[in-house]
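Chain nomenclature is as follows: A, B, C, D, E and F, assigned in order of appearance, with residue numbering initiated at 1 for each chain independently.
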């Protein structure tokens, strides 16, 4: 196979990766995007077997070892990916990222060993970069995996003088890296690898559980850059393009994730250098809730077959009746089945919701009484609770003695997903906590109902 | 390849990378990260090349380890991404 | 030149032909305005308000010296006899019902304008008192319907059960009908409507109500008005409307054909098909009634417990704004044939019968009747 | 077990304690239901409707054999004397105004429930007849205000000039006040409102109206109700409200403090500050009046041309739906202490005075009065 | 100056061009984008003067000629661009594009002359491509310029057997191109240039006036590709990147333009081959109107300071009251001054608009009567007429005898821009034509008012 | 430069070109076209290079003509684009 053809196939695979990322950034095309990516990767892998670099001959040397190793990889990777539970996916991604980083580091080391003194300075620099970043990614990812899998504490691990140790490690990594470049040699490189692995561990330990996904994303981007660097050393356009793509898109993605989660990227990453031990003495644990963005809500709605809107006093306070109707109309135009579930005492006046919704011209036949709608929640994909609280509070059924005990409620908890639009964690009229807010299937969208709905409408339109 | 060519490719690929993901919605953050992660599994290609080049046992051993890791990264990555995206499947209409 | 406003003497008439806040428009043109004491009191305009606005109040007779007399109801033949020769009078002076007054005006050499006859052209819209008063009547019709009904108009879901919305049916969707639709819809009722004009389907829908399509030919007359129905057609329409009427809680009828008796839209049988407690508002009661058995100014309760409210001087029931709008219509018409005071010239009338509006609206001039048939 | 509904004898009462469409709920529990002939006629329920719904009609006396008697107004002492010992009666039997009846019930060994005393807890909302009837009253208040006003409520820009919207002021924003706000707003009026409870600002705004903030301390009582005002505070409030009242076209007052005379919100001077043609709707007229000079059931016209409508049995003016809602409240309360028929067991009452609602609402039991002060 | 530095600067200029295009595709950043592009171009130009290709020496040969030529170019280009009237800009762009294509063709020819027999096949192929496309672009642009400038008819010029002539020309162009590649030589190249020029003329002649902008855009994209091809021949990364960028973005842009104008791209381009003479026998001339897209409307609104909304019967028919309010709210949230101008007889019932707008909760104080609003139109940037017609029809003032003569109207024509939302060119209640629809400052957005408004709202939100 | 490098650069630049303009609103179509048009005026660089290389008068003449045309294209293009964009200037807030 000619070099030209080989390069062309590599370029084609690179194009496939671009299309894959493009596809993955839109819900409608995400699956197809992933398949295109897989196709590109398969193509790129297959073609190496048919291309013999100048000087060597087909079939590849060590073909048995190569095929055996691939087989082992498949035997480990596929079942792991297949069997993992939905909730454990993030740690698996972390692990996969880590092994990728490890592979890149190993490739760099082997190539370095082979080239020996022939290596140009540029090649050595890229090799050093690959080894450092690959190792950091490997060990860091392992730690994030352990945190997410709860094999270790999810809270920031901070030890006395930790930040000095981390800083010292980083300095030595850089120092040894310089040593490798100037002196060459296998030993310094292995020392470098070891130190990098240590730095990876130290770097991730002080990161708190909530920030871990951001760190994974960052390590992912870095791994991409190591692949690009390997591409330089191995003279492969494909690796350069693929690695750079991942590096660039991963960087953007890391920033987007940090923004979406309301975290400071800087704080997350350099927390390790600034964290002080006393930070450990946290206040009483706050119960976690799942809060989402308008985009998340829009996507849930977009892929629902049936949505029930549950309005309450907050809808009236926000005067969001027109916007809620707009949302309902939009969903209906997408073929989603939409109904309003009206609790008899929602609001602060009998018929409060009717007054509001009639003002927004919501057709009367879309309004369903509590007794009509309650049996339908089990066939409902999303119940979206807009400024209501007491009327969906399960305490009315299971907490004898609480002020609303005995009041019939809307059984939104029977829906597959529950979305709450409210401004805060404050309770409603009756002043009692709503357990449903902490339910794993609940997503909270904080903010004034009108503002939130407006954003959801835009996001849904954009899908 | 000439350095300027590599640099140009790098710069342009950075732009492409930035552009294609710059407006992704947050629900797709995780699948996108996972897909990108699978893509860097093509280091497998590099691992195979170095395995082919390997002359010592040390080299071969390390290269074989690299192949195993890279394969896990690539194949597992695409499979797990696909699973994550299952929610976007069942859309009628 | 003197413009006079007499106190309305027709029973039940609460409007006044000129409200204080428009008087400055006349005085600025150079007119003097005199108001009979107490003329505005039923529409919330006191004598003091008039004086403040620049008019004078007269406790005695105001007509004999006036160059123009403005009123809502036509002046009586007796009143007309006291007018100066060549004086002008503007009022609702229908060639169908106010024949006496018209004859008297012709005899007295008075130029009488009938607001009913102002042609329905775009330029004349600001003088179109039929529209402005129909607006008041339509609003009242819906309000009275809501007031009389033993039911809520809106839907309300409450802890004590769900109140279903009232079903309101509007027959005749002209200006009054459309406003009745709007008002009933605002109150939360589910409104449907029927009219014979082809354009009305869109107009009804544009108010957010449902248009009832009957498989009958449209009856389009001239000037945007409807034509009269044949008896056969009336019977067909009644038959087709019956099911819609039977399920309504409130029916509002506003159908009219200019210069004719009101069309009969509902027979006694149709009324009897309705449930006890249902309400019928017949805005056309004064011109013969759209509904069999309606009496102007009365609420008739049928043996089946249906109440029929017969409209009488309906715009008068909203005297403040009805007068407000009427005043402007009248003043706009007056201004049309007025040459304002300028330098040494005094204000004067200049009747140009080439003008479609003046030609259409003047029923008497120079001692004889004009415009026999109405439009 | 027999449940009886007597015809209401209080003058002006048009409601009925049980409407036909809820009767199957009682018969399914195992009750027999007897209705005095003609009891529902004023709220559009004929005897035939009751029979169709499963009740029996009695032309004679229905009370003496009944195990429970449902009514809207409290039974008179004479009626109560005819009841079986241990019978139950449910009605509006206010410990403030219906003292005679309560005493009679105690004497007769009858268990009397007063709907006014059902506690305002979430579970009791479906039995809260005060709320359901206030809803009717609030709707009526706004409708009547619109009906009486000589002005349009909505803004209308027409060829004859622009009609400005009516300014409506609602004082007291409880259930009735909020519904009045909603209805007036629907009609297009510009509505503002005032109340003494701190939560009401948000509630008023949630109806799309403007809340009037006065620099006065809030008066929050228990159970979501207001506290009584001191005289000093009353005077301050009156003074601060005067400018708002003076520029209103319609004022609707609904203020109440449970078990007390209605607070005086408007003095004669405040009424006089209003323009001729303005309307005041006093929903509290029966309990002393929020407005000086209001008389229940009458329209008083002041010398300044202001009309004050004094509410009397206001929910009765919407008899169909008022009865509809009331019936459900009563049935829900009754069901609370009913053990339904099952297998061989007959339906029975089981009064558990541990239950907050039963304990709160029962004013007499076992021959003596309970719950002296009201809540 | 080293080659590396020179290349780096070239790459930097390429990046500047990317940023320029990125900026130009968003109104907020468009001007800055253009400046960045200009900066990149200046940088790239300056740096050639300091870089001497291996073998030659600084200063450049023929420096005087070069500087002189640049000076002439500046003296011609700047005043032309400065003085041109707004309405004539499209033809100027066409002209600029043409001279660009001409320049690319000349550069290719000169390089070909210089290289002589040394040229590789690839170089020759690229040269041929550049010459053909550059010449077509040049002559085609000149014709579009003449059409737009009305130096010739704007209607499709179709002559008997035209399509055969065009096809024959194309075949000869390709044939001569092949001849140049196989035989080399100056003469064939000049013949090729001549034939290409001819083809450019023939290609554009049959295009109708409305389609001309699409053709310009296409020629622009092609010129971009010639620049990329020159980059290959001249070994310049900058030219490759810049040319490819223009080629790619130009292609997309051409498609977008054709879509926005509701034209078939294929039909426009290959009209030349399919057009038959009889197409000339057109029906009576239809008067042109300016119709826009929701995006255009949104941009006009976004950059307005004051907008007046004029509703009419069509708003009621479309029941678009809620959507119009949403639009008004959105504009106000952007700091735009918004008022509704209510004509006393808009709709079909006195107060019709009030009923509608009150339903949508439009605050009363935003509604202005005719007499209040009329004097303010001259300070209004955009008057947006939604389903109204008669109430803004100037015929009421200047056509005595027409049914609405004498009715006062809303003087929307005094606003800087007028937008009409209606479904067709049909007249209103009075059944008379509205001249304002044909006014150059009027933009029409066809479609149901509610649907159109919904799109405008989305577009405005996206800005 | 190697063909594969050039091809890679070309392909990536195509993607960048597609991506950056793919969502432009129609009001910007003309300015964008004009801006892109100005950008291809960098053929001026090529024209200067060939002018430098020119050895015959014919070559020089053609090259000089190319420089004139390219300069007009580039400079005029940016100036006219800027003028078109003036409407986006006056935004307050």
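To be clear about the criterion, a contact is a pair of C-beta atoms (placed from the backbone, for glycine too) under 8 Å apart; a residue touches a chain by one contact, two chains touch by 3 or more.
Note that the structure is predicted; figures quoted are calculated from it, not measured.
Placing every chain at the mean of its C-alpha atoms, the farthest one from chain F is found to be D. In terms of the distance between Cα centroids, chain E is separated most widely from D. Two chain pairs, D-E and A-D, are weighed by contacting C-beta pairs, with A-D ahead. Interface chain B/chain F: over half of the residue numbers present appear on both copies, so the contact uses mostly the same residues. In terms of their C-alpha centroids, the spacing between chain D and chain F amounts to 80 Å. For the pair chain E and chain F, the distance between mean C-alpha positions equals 16 Å.
For the pair chain C and chain E, the distance between C-alpha centroids works out to 56 Å. Look at where the CA atoms of chain C average out and do the same for chain F: the two points lie 72 Å apart.
Counting only residues that touch two or more partner chains, chain F has 1, 3-6, 8-9, 12-13, 15-16, 20.
Multi-chain contact residues of chain A (touching two or more other chains): 14, 18, 237, 241, 319, 344-345, 350-351, 355, 358-359, 361.
Residue positions of chain D with contacts to 2 or more other chains are 125-126, 131-132, 135, 154, 156, 158-161, 163, 186, 188, 208. Per the contact rule defined earlier, chains pair up in contact as A-B, A-C, A-D, A-E, A-F, B-E, B-F, C-D, C-E, D-E, E-F.
If you check the complex, the residues on chain B that touch chain E are 3-5, 7-8, 11-12, 15.
Note for the complex: chain D touches chain A at residues 121-123, 125-126, 131-132, 135, 175, 178-179, 182, 186, 199, 202-203, 205-208. By the touch rule above, chain F contacts chain B in their complex via residues 1-2, 4-6, 8-9, 12-13, 15-16, 19-20.
Considering their complex, residues 342, 344-345, 350-351, 353-355, 358, 361, 364, 367, 369 of chain E touch chain D.
Of all residues in chain E, those touching chain B in their complex are 4, 7-8, 11, 14-15, 18, 237, 241.
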